[in-house]
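Chain nomenclature is as follows: A, B, C and D, assigned in order of appearance, with residue numbering initiated at 1 for each chain independently.
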Amino acid sequence: MGASSPTAITLLGQDLAEDVMGEVGFGELAFWLAAQRRPSRGETRVFEAVLAALADHGFTPTAIVTRLTYLSAPDSIQGALAAGLLGGGSRFLGVTEDTGRFLHGVLRSLGGDLPADDASWDEVALRTVRAEREAGRFVPGLGHHVHKQGDPRTPALMRIAREEDLFGPHLSLFEAVGRVHPEVLGKELPLNGAGVCGAALADLGLPIELLRGFALLARTAGLVGQLAEELREPVANDVFLSVDLNNRSVGPTPYTPDPLSP
Amino acid sequence: MGASSPTAITLLGQDLAEDVMGEVGFGELAFWLAAQRRPSRGETRVFEAVLAALADHGFTPTAIVTRLTYLSAPDSIQGALAAGLLGGGSRFLGVTEDTGRFLHGVLRSLGGDLPADDASWDEVALRTVRAEREAGRFVPGLGHHVHKQGDPRTPALMRIAREEDLFGPHLSLFEAVGRVHPEVLGKELPLNGAGVCGAALADLGLPIELLRGFALLARTAGLVGQLAEELREPVANDVFLSVDLNNRSVGPTPYTPDPLSP
Amino acid sequence: MGASSPTAITLLGQDLAEDVMGEVGFGELAFWLAAQRRPSRGETRVFEAVLAALADHGFTPTAIVTRLTYLSAPDSIQGALAAGLLGGGSRFLGVTEDTGRFLHGVLRSLGGDLPADDASWDEVALRTVRAEREAGRFVPGLGHHVHKQGDPRTPALMRIAREEDLFGPHLSLFEAVGRVHPEVLGKELPLNGAGVCGAALADLGLPIELLRGFALLARTAGLVGQLAEELREPVANDVFLSVDLNNRSVGPTPYTPDPLSP
Amino acid sequence: MGASSPTAITLLGQDLAEDVMGEVGFGELAFWLAAQRRPSRGETRVFEAVLAALADHGFTPTAIVTRLTYLSAPDSIQGALAAGLLGGGSRFLGVTEDTGRFLHGVLRSLGGDLPADDASWDEVALRTVRAEREAGRFVPGLGHHVHKQGDPRTPALMRIAREEDLFGPHLSLFEAVGRVHPEVLGKELPLNGAGVCGAALADLGLPIELLRGFALLARTAGLVGQLAEELREPVANDVFLSVDLNNRSVGPTPYTPDPLSP
């Protein structure tokens, strides 16, 4: 990573001032920092497409949290951004990681014997979806509460990955899940954008353990944008006042733990 | 602070298991940890009255933030609490620190010559309020957007401090500010609860630099309470949906920086 | 929770200024906020003993993080405390929650038929430890890297709970685990302090989902103490310099993902 | 910002899937989100050079904090990143914002009458440095504890801004400060990299209030890189153990507040 002497600063073994600044784009640099190898032009394009897909979704809980925290503590931009990122957990931003991890687990279980055509991928996908259903689990990346007829980010990212010759086994399996799941589940669900991002990041060879980290990086850019908008068109105080007005504190009703004996 | 050997754990030089657990209350312990001296029974009572005064104020931004973060990342209670605390900055929770710090600065400027009666405190307070007004600054701890006729926490805390013989120079000066400010400002404002808490903490001899820390400790208990309520009567999802429904993203209207030349 | 009108502030249905401030201790209040019922004197004592047991353990990662963050951003006490709390996750502070949750799950599985004497508790404990071992899982709350011969907090908290007649099924099962596990595991491990705290909190009838929240509340008091010490005897800059000196950035060695095909 | 209907997602008024993903780089998008106008190719290059300059500086407090938090709570990547960002306050990452804000204030005070040549910039700079010195304040962006003979990022960023015809009044004034300050201060200090980044961001017309936000965005990419390295070559546990070994808890020595009277 970074290191410095009195006269030089290196980053990733490069001369920061001469060979990185002005030469390496920010998406490219973020990839490089995480993988410690410089991505190709095509890898950078897929990676930046993922970051764009995840950067901002309007008034999500993370955006509201960043704006409210800025309202309360305007002297601490770092606090407002950090608070927003803390919402990037299992429920909202976690799908990217969950999908990448899930697909990766299935692929590893194949023992190196990866399918060579769509029909074979469909077989693997069918087994996979059946197993999840039998275990009573959802398949990560499947379904979306708004884009019920299809999430437009999914075909877009698949197209970009194909254009750059980076459509690998994670995307292949994810696509096959999209084809075969109605046969098992009895209804057609969309492959969502967060999920396809996880598949694409995994196909880029990035560390599976850090997939959520890339979603959070994308979201940081979105939250800076939310703060820029809040500065110009503040809504946080109205949000606070309307919540305060429309909610009544409950209770005090004593909490009753599970009765352990009858 | 804490230290341990294979057979013993000490905290603040005490045997944790024998002399602290079951013997020292939580407010007393928090005081002890911050001041590294065991508070008297009266000091503990004033300190805990301050913590009670600051623990929870209903649907504040910090409470909303904790609930929304829990909605987004229910697997991370620490994230939900941390996000809420990050709103404890200059605007909402900062008044306690600002007031204590302000009063302390005035008292130090007296060079050891502290007033001995109300009339002399009034003189100091009058000079102080005039100086702030002339400098175009607000006097911290003065005014409240709801309790315009008086914040009930202020006389309560002053009474408790008097009962425990802990009504020191910070509270004396704060009280005098309450008496004399109408003469300068032309209107009567309440001494608010956050402000009186700052004065009382300073009179307890706690570090001025950490006054905000005590407000945050109090608020942590409040936020755990908010989470307990959210578990039983969830409102975060409705808050999110109503914000999403009632707000439109603005723009894109390009940001125009200050014109530096005509 | 909290609510206010121009002339009054209520907290938990009480008049904050008259009936809470100066009357309710901080531990008692924290319990009340979380359970929405006022604890008895004995419940408060056990609860505060738990908070004391978890407040501070010296230079833990959370304490180091709070001090380093304060070094970097001294203007934001809330940021330093929040950063420290974020370390309160699965590995360090999580044992309290994990143990409470684990014991609770076992007790619920008994279908209301709770053991009436030690021999019967031992039977349940034996079954439980065997099942965990067979599943290749650790029993939460068992083992400590320093207190190998016994964690002094464990008997202390058990004694206090017994004195207050609050030694319930969670503590009973935990104690039985301590008696029987050598028979299954072939070696004697201590019941650790974090674990016994989880058992005691569960026996107090507090929400199982929030047990980590109480550990975090205790730790907030400890972190305020760490900041107080850092103000007087700063070590953060030395920590930073020594880490910087003793560690070399690695690489750049390209990350190699799992090979999925041979 | 972002908005979505069942069939389309827009971001900044664009069709996300068609016109942003695969078409807009991540640095370009971050600029666009913050300024709500699409940057030119040259603006993007300068902006990304700034982000590269600020992304990672090795084992800084923020990096150590992220690694220690990940050690403690490996289940919460968002917590580890948020904790690291919380160190992005006044002392370390704040210089970028402070410098931009300072230069902007001076430029605004000129009332639209901006210098047209180096000699006139030198006059403004001389007045400015003198005024700061007389007020006993440091000039932000001047001086560096390692790069005493010059920070290599400074000439690099100035060159890039000139190449892109984006060397505006903030950079001009900053450069002039570099030329004239020895005349006032009696010694030559380097213009540091964090400072020149603030000047460049201000010349790009980005909101002055958010300059710290861009430093934090850059740092988020760096912290993801730190986590990637920690996964492969863990050092956090050794850091923790060495701090624990080399530091002794102080006290308990009672805190003594300022004596207010003799």
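The rule is simple: contacts are C-beta pairs under 8 Å (C-beta built on N, C-alpha and C of every residue); 3 or more make two chains touch, one makes a residue touch a chain.
Everything numeric here is computed off the predicted structure, so don't read it as measured data.
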{"item": "A-D or A-C - the one linked by more C-beta pairs in contact", "value": "A-D"}
{"item": "Centroid comparison with subunit D (C-alpha atoms), farthest chain", "value": "C"}
{"item": "Between subunit B and subunit A, distance of the C-alpha-averaged centres to the nearest whole Å", "value": "37"}
{"item": "Centre distance in Å when subunit A and subunit C are each reduced to the mean of their C-alpha atoms", "value": "31"}
{"item": "Separation of mean Cα positions, subunit D and subunit A [Å, integer]", "value": "26"}
{"item": "Set of subunit C residues in contact with two or more other chains", "value": "1-3, 34-36, 58, 73, 75-76, 78-79, 82-83, 86-89, 93, 207, 228-229, 249-251, 253, 255"}
{"item": "Graph class of chain-chain contacts, one of line, ring, star, complete, other", "value": "complete"}
{"item": "Subunit A-touching residues of subunit D, taken from the complex the two chains share", "value": "1-9, 11, 15-18, 20-22, 24-27, 29-30, 33-36, 44-45, 47-49, 51-53, 55-58, 63, 76-79, 81-83, 85-89, 93, 146-153, 155-157, 159-160, 163, 193, 207, 209-210, 212-214, 216-218, 220-222, 224-229, 231"}
{"item": "Footprint of subunit D on subunit C - complex, ascending", "value": "58-62, 64-65, 68-69, 71-76, 79-80, 82-83, 86-94, 228-229, 232-233, 235-236, 239-240, 242-244, 246-247, 249-251, 253, 255"}
{"item": "Partner subunit D, residues of subunit B touching it in the complex", "value": "1-3, 12-13, 34-37, 73, 75-76, 78-79, 82, 86, 104, 107-108, 110, 112-114, 169, 202, 205-208, 248-262"}
